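Chain naming follows the written order as A, B and C, and within any one chain the residues start at number 1.
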């Protein structure tokens, strides 16, 4: 059974058709990098996977559960899919540790005593164990993004969506975030990334999906697709990113 | 108790409306003129003037309009200066308005980035020239929405003139109610009168604010 | 000749007036803010009818004078056979007034919170209400805190008007004193300064409370 199963997905914003029939299967433990120009629909596809955008037609199944508009509550969905954003979106009025603990406490009603050891362990695993009581505003961008990863993991999702999570970072901070992702990949987490980091996609990713004008234009094994592109559009795109 | 029809009440209120309007317009225009002078002083280079205007604004913004009215009407008359309710209300509302618009306009001038002043200065313009040709045009655009918005406060403020015995809308309504005792109808209609004056101005202020946002974000 | 000494025998009347002004302000502020927080949310995310009703209420209050609202309640309620004390009527009017302004201010604050915050809350599984309560509310309040402070001070200054339905607050006290000692100028000067003092004290207390509530902002600036 696929972890993510997308069939004939369509999505428009007004007159602008952004997704024009997407079919996609992602197996458990896969690390899939979605690449493409801005406006190719890659972020919209990602946002449809956790219903931040509601698709017009087609179907999405995550871990065997079908998403149909209102069918699944935000709460149920969060058991399956986690997400990390380009702009971190840490809650500025909550300390780092509280950012990680908030959702399990509020959404699942767990006690602080039960969540705190887990939150500390998660922060430890992203290298920020000593920042438990810091305010988000006191952290660098790279540190904030690592907190955001720990926060998403606190809900123990089956799939983690990453929407250009290194694009807002200074170049010297990108590495620390990618290393955390790589560790997750090695541990077997299913990752779906929209990314510009071709080296990461090639070395850590198991598959690359190239989107062009609202469709999946080319996809396959990461190294194969990036080293030996078949379509002229992908060749051109890869040339422009070098 | 006297019997009044709805039309009697409305007729009385509408006739009183002109006094509310007259007081509002005089206070707004007068307050605008005094406020302009105060803004000029407030943004001048002379420390003493700046401080004086700051104190003035603080005083009028930090005390009730009703107290200001009492002080000018009853207070001055105890010192031998007898003003009619109309004059006292005009003076009080003008001063009240001037303090608030001065604050709005000062804020608008200060919102102009320092780079504009510097750019004009390196072009050889004097302070006055910069203010006139560079800053003022931009500041007016920022100031217009909150200024229109404040006109609503002036109209509502005129209702307090009723307390010192000036017969405008609110005092007319109170007198009607004393005679007819139909509080719901009379004060409901009274509220409606104010609403009809104020709501279009509120809407217009909000429209101006939105338009500025759109232009500003370009 | 000014003669402020003639006010000395009445100092107690002043103090009682100030105490009344303070307590009605505190009660109206707490009640008004407590109602405005859910109202602002309902205005934005509530059922359409409820949102529209709150919108009408807000516009009605904002576009009519406080004294008219006060008279409507004070003279109107007895006509419904609802007899309340003048103080209760004043409290109702002040609370209704502040609630309307505060609803509008808080609504603007909520809209100014970046969309990403709400999206982050949602992908973590929070319901809209949980997201408002735990994620949006505090940053929204911190943004509009200065405006909220000013509005609460305006309500305090506006409370001078409740003297007109004979609530014995500071303005009522001043009127009483000047009717006894015939020193209206001095009396109103002192009352005016009392108001100024209360306004300044309120601003300072709000700033102090703000620093405690929104300490995270200092972290953000570092």
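As a convention for this text, contacts are C-beta pairs under 8 Å (C-beta built on N, C-alpha and C of every residue); 3 or more make two chains touch, one makes a residue touch a chain.
The model shown is predicted, which means the values in this text are computed figures rather than measured ones.
If each chain is drawn as a node and touching chains are joined, the picture is a simple open line. In this view the innermost chain, defined by its CA centroid being closest to the centroid of all protein CA atoms, is C. The chain with its Cα centre farthest from the Cα centre of subunit A is B. Averaging Cα coordinates per chain places subunit A and subunit B 54 Å apart. One finds 45 Å separating the Cα centroids of subunit A and subunit C. Inter-chain spacing, taken between the CA centroids of subunit B and subunit C, is 21 Å. Interface of subunit B with subunit C (complex): residues 58-59, 61-68, 70-71, 74-79, 152, 156-157, 159-160, 162-163, 170, 173-174, 177, 181-184, 187-188, 190-191, 194-195, 198-199, 202.
The part of subunit C that touches subunit A in the complex is made up of residues 114, 116-117, 119-127, 130, 134-135, 138-139, 142, 214, 216-217, 219-222. The touching residues of subunit C, counted against subunit B in their complex, run 59-60, 62-69, 71-72, 75-76, 78-79, 153, 157-161, 163-164, 171, 174-175, 178, 182-185, 188-189, 191-192, 195-196, 199-200.
Interface residues of subunit A facing subunit C in the complex, by the touch rule stated above, are 50, 52, 73-79, 81-83, 85, 87, 89-95, 102-103, 106-108, 134-138, 148, 151-152, 155.
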